[in-house]
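Notes follow once the structure below has been shown.
Just so it is clear, A, B, C, D and E label the chains in written order, and each chain counts residues from 1 on its own.
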Amino acid sequence: MNGMDMEPIGPQNYLYGCELKAGKDVIFNPSDDDGEHQLSLRMVCVDPSTKDELHVVELEGRDTEGEPVKAVVATLKPSTLPSVCLGGFEITPPAVFRLKSGSGPIHISGQHLVMMDTDQSFDEED
Amino acid sequence: MNGMDMEPIGPQNYLYGCELKAGKDVIFNPSDDDGEHQLSLRMVCVDPSTKDELHVVELEGRDTEGEPVKAVVATLKPSTLPSVCLGGFEITPPAVFRLKSGSGPIHISGQHLVMMDTDQSFDEED
Amino acid sequence: MNGMDMEPIGPQNYLYGCELKAGKDVIFNPSDDDGEHQLSLRMVCVDPSTKDELHVVELEGRDTEGEPVKAVVATLKPSTLPSVCLGGFEITPPAVFRLKSGSGPIHISGQHLVMMDTDQSFDEED
Amino acid sequence: MNGMDMEPIGPQNYLYGCELKAGKDVIFNPSDDDGEHQLSLRMVCVDPSTKDELHVVELEGRDTEGEPVKAVVATLKPSTLPSVCLGGFEITPPAVFRLKSGSGPIHISGQHLVMMDTDQSFDEED
Amino acid sequence: MNGMDMEPIGPQNYLYGCELKAGKDVIFNPSDDDGEHQLSLRMVCVDPSTKDELHVVELEGRDTEGEPVKAVVATLKPSTLPSVCLGGFEITPPAVFRLKSGSGPIHISGQHLVMMDTDQSFDEED
């Protein structure tokens, strides 16, 4: 956590983690009362309890027209590829994660970034 | 989606996803009426329905002379490497994705970035 | 090490390494007397002495509410995936690493960044 | 392609692709009449016609003394690791790619960046 | 190589490559007479002559107290994972690479960056 003595500029960095199971979507849509939010996806990983089949992680977000768009962000299988790095795939809310295939559980982790200072935006970053 | 209270500087970040099949090219060539476009490629993934053979994803873009150039950006096989991270491979349109080998489907995902402010360009980013 | 002739701006870069074993958590919570700290996670790797089972590395940090949150950052198995790149997963202390599954040892490495200059913050970086 | 209405600052982004075979080196040494050049290596991939043996991609560039130096940038095998991400390995010309082992073909792709504005340099980027 | 007409700001980019064998450490500790040095590690790769066993690459650097610290940066095996991307793991000299396990050879490659201009530092970069 960053203390009170920090500069108000730039995003604050928090930890994000969620678990996907078949039929259990995970929504990323924080209230923007407390600033502008972004998710920098880092890792998608299987669990020892994950069945040995291909698991496909689908992300639903918005395209340039503001319409919903689906994209596959990872395909994993415990005995072949138990972890995959997404390398900082930046997601602007609202977004939904779901398993397109496989029963899970699948773990997703990343950085939840919050921009407090409205004089700046994430667009300047990266 | 970023709201009206955002700064007009820097690129807007949208989700991009497409699916490749043999003989079905995907073109990325958005109209630049609404700004300057760029694609930051993140992941290439197989599907449970993808046949277990090597799939080669080819990208056609432009070289420094403005001539078409082809480049292989991923080779995947469901039983060996079901996902591969491209790590933010930046593509300036026009670009065409196609399967050089394999019947698909193969999923591509990334960030579709749009620079609204003509006083800045992507060239300043990254 | 950077010498006295260096600019006081920006973070100083040090090496970070730790080893996880079952039941032996590793805490990253440096005193901020000497500046603001951040960890840029780079690699998670097995050891030749690591048993051939799935090892799940869990990270505990803070979410946007300041509450503890757990995230899986890597799942490895010596015979399948002996190393995985985290690609600069940025962690703000306090944070705890532990093995959620597997007996270890598992090695974690990265860059320990220290921001000396309080007129800047990590938020401006990256 | 970026149009005439673009800012002259920062690098222009083009696609780069080449194919390596045993005994057939590929040289990256564009004329700098039209600006300063850099190659951001992204992916190295096998082809379905690539023999199932270890292929080692060697890069020859210059060290800090201006002397030729060789570095291995990827080792691939179709049945083990058909693609590997280089994550933006930045190469300043002149550079030569060759197969140190294996008969190929091996595909290399990346971004060819050209800095037109001599008042800036790549050194400021990244 | 960057010519005389370049701006003196920012780091110069050179190629780095070394080979590790059991009992043969590689030291990265360039004289800083000619500027400030940094190593951006990109790839660790096996060779066709590398024995099919787990190879563990250890890096020795300095922690925030200036004390020596060891970190495992890659674990490879020719038949499982012949190459691994380190994604730009930044190393400040002095540093030592060695094989903690395995007889090698193992190849390491990256970018050797030199900051000539003492009015800037690497701390501002990245």
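Of note:
The criterion applied here is as follows: contacts are C-beta pairs under 8 Å (C-beta built on N, C-alpha and C of every residue); 3 or more make two chains touch, one makes a residue touch a chain.
All values reported here derive from a predicted model rather than from experimental measurement.
Common neighbours of chain C and chain D under the contact definition above: E.
With centres taken as mean Cα positions, chain E sits 19 Å from chain C. Each chain gets one centre point, the mean of its Cα atoms, and the points for chain A and chain D are 31 Å apart.
Among the residues of chain E, those in touch with two or more other chains are 80-81, 85, 87-88, 125-126. The sequence of chains round the contact ring, opened at chain C and continued through chain E, runs C, E, D, B, A. Residues of chain D touching chain E in their complex: 32, 36, 38, 53-54, 56, 59-64, 66, 69-77, 80-81, 84-95, 101, 118-126. Partner chain D is touched in their complex by these residues of chain E: 1-3, 5-7, 9-17, 30, 34, 42-43, 45-48, 78-83, 85, 87-88, 107, 109-112, 114, 125-126.
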